[in-house]
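So that you can tell them apart, the chains are marked A, B, C and D in the order they are listed, and the count of residues begins at 1 in each.
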Amino acid sequence: MDAGRLQAYLVAEFPQAFGPGRPHEIAGVDGEGVVLRLLADDDHLRPGGTVSGPAMMGLADIAAYAVILAAIGPVPLAVTTNFSINFLRRPAPGPLLAEASLIKLGQRLAVCEIALRGEGEEELCAHAVTTYSIPPRAI
Amino acid sequence: MDAGRLQAYLVAEFPQAFGPGRPHEIAGVDGEGVVLRLLADDDHLRPGGTVSGPAMMGLADIAAYAVILAAIGPVPLAVTTNFSINFLRRPAPGPLLAEASLIKLGQRLAVCEIALRGEGEEELCAHAVTTYSIPPRAI
Amino acid sequence: MDAGRLQAYLVAEFPQAFGPGRPHEIAGVDGEGVVLRLLADDDHLRPGGTVSGPAMMGLADIAAYAVILAAIGPVPLAVTTNFSINFLRRPAPGPLLAEASLIKLGQRLAVCEIALRGEGEEELCAHAVTTYSIPPRAI
Amino acid sequence: MDAGRLQAYLVAEFPQAFGPGRPHEIAGVDGEGVVLRLLADDDHLRPGGTVSGPAMMGLADIAAYAVILAAIGPVPLAVTTNFSINFLRRPAPGPLLAEASLIKLGQRLAVCEIALRGEGEEELCAHAVTTYSIPPRAI
């Protein structure tokens, strides 16, 4: 799935997260992975204006789902089985980007790595690794 | 801090998460740990009516913070450095409970374990372990 | 499998780890889980006489395997898919115990928790959570 | 520290792991990170001739330590606080390489990523992330 199809699919499947007035959007898709943008609103902020930990975890989890969709097409039953994140430093206020790439894409499991940083920043603010269980599919 | 003081502190510090019309509340505090309840609303649900992964991660993270507060009093600068969760099965629709307990409470780091289950259920729906960095404090 | 059968099975399957002159042995099995003992030798020690991190990781991984064996019988093809550990404090010199218990035992995955402490100590020196993939089996 | 100095330091500090007749050696150091090689012997093998999980965990842990040494010089008191690994597929028999790189190098914590693969193979057999606590140091 390319960026347009991926965005359309996510708007339909996750109306709370994607679509008009919603904070998440696909920022890019290429052979390396998917970049997801979070336009944080008050619900995602901590005192001080930085994005909260749970908002970063949600962003990373959705980015991982998006990179699986980009690779194998719509799999609505894919579910996270394990998620691990290290918080590295506070991001600057403003949009947050999550770059997700596949470490492994197997028949039953996909393992993804997600790098989070403030838009325009070089250093990571968080780094996550997650495993999705994917349902059997035609080849 | 006992349950009442803990709830009051969290309402003041996390108005997005605690307080009138908000989905989180302290369900119990004892020597073993803290139980936090999530009254999931539409923002926390997946199709099918079960709580989403990111909502469970947020619940677990806040429960860990609450058990640290209960043990050492208000430490507004405590931050999560590592968070790891295994999703075990879908919870039944309805309120979700997170039982947080301390594995280690050191001078600089606290390590917490969090068990998540649907209210009234016996089996866990998720299990998390998280590390908080805690600021230096008087003894 | 009870303690005697478990020990015999592990001596046969893991001769490097179990058996005469080898450092691992089953210390107990009950409805709660399995306790494995490491009689650390020089290969497992760091300067200062405490057990090395990799030796603790190996002990925890084997303890998780043993608790799966105790619950479902011999499954030689079970393999670790994810392993996560927090090191909490240095253990005292001497034997190390790993208490493994099952968080979930499903058809395809088992999730285990492992608490490590020096024999006779109360506080944990490390805490691990691991996922094993288990092959299909008769019911 | 360059490859020669790093190897010499590790031979002196970890005589069980490095040096004549020992299975670990530095395979390369550059601006990106450190590559460590494991010449697996019988102690590291599972039935079938592939490297065991604990041997891979030990390799990854030492590789992370080596990349910290390469970046900041000898810090004998650095200790692992958290280690998380996903096992992706069985490596081919033969030497195993661990490529370690730094995700974050802070004043108190270093977070490292480690990719493990059989020598000459492209796909990863395991992927780990670990946090080291590093002692205060002069600047």
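The criterion applied here is as follows: a residue touches a chain if its C-beta (ideal position, glycine included) is under 8 Å from a C-beta of that chain, and two chains touch if they have at least 3 such contacts.
Treat the numbers as computed from the prediction; the structure is a model and nothing was measured.
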Chain at maximum distance from subunit B, centres defined as averaged CA atoms: D
Chain pair with the higher count of C-beta pairs in contact (C-D, A-D): C-D
Centre distance in Å when subunit B and subunit D are each reduced to the mean of their C-alpha atoms: 35
Inter-centroid spacing, subunit D versus subunit C (mean Cα positions, whole Å): 23
Chain centre separation in whole Å, for subunit D relative to subunit A (CA means): 29
For subunit B, residues contacting two or more additional chains: 81-82, 84, 86, 131
Subunit D partner contacts - residues on subunit A that touch it in the complex: 82, 84, 86, 88-89, 103-104, 106, 111, 113, 123-124, 127, 129, 131
Residue numbers on subunit A that touch subunit B, as the complex places them: 13, 16, 42-43, 47, 53-54, 57-58, 61-62, 79-87
List of subunit C residues in touch with subunit A within their complex: 81-82, 84, 109, 131
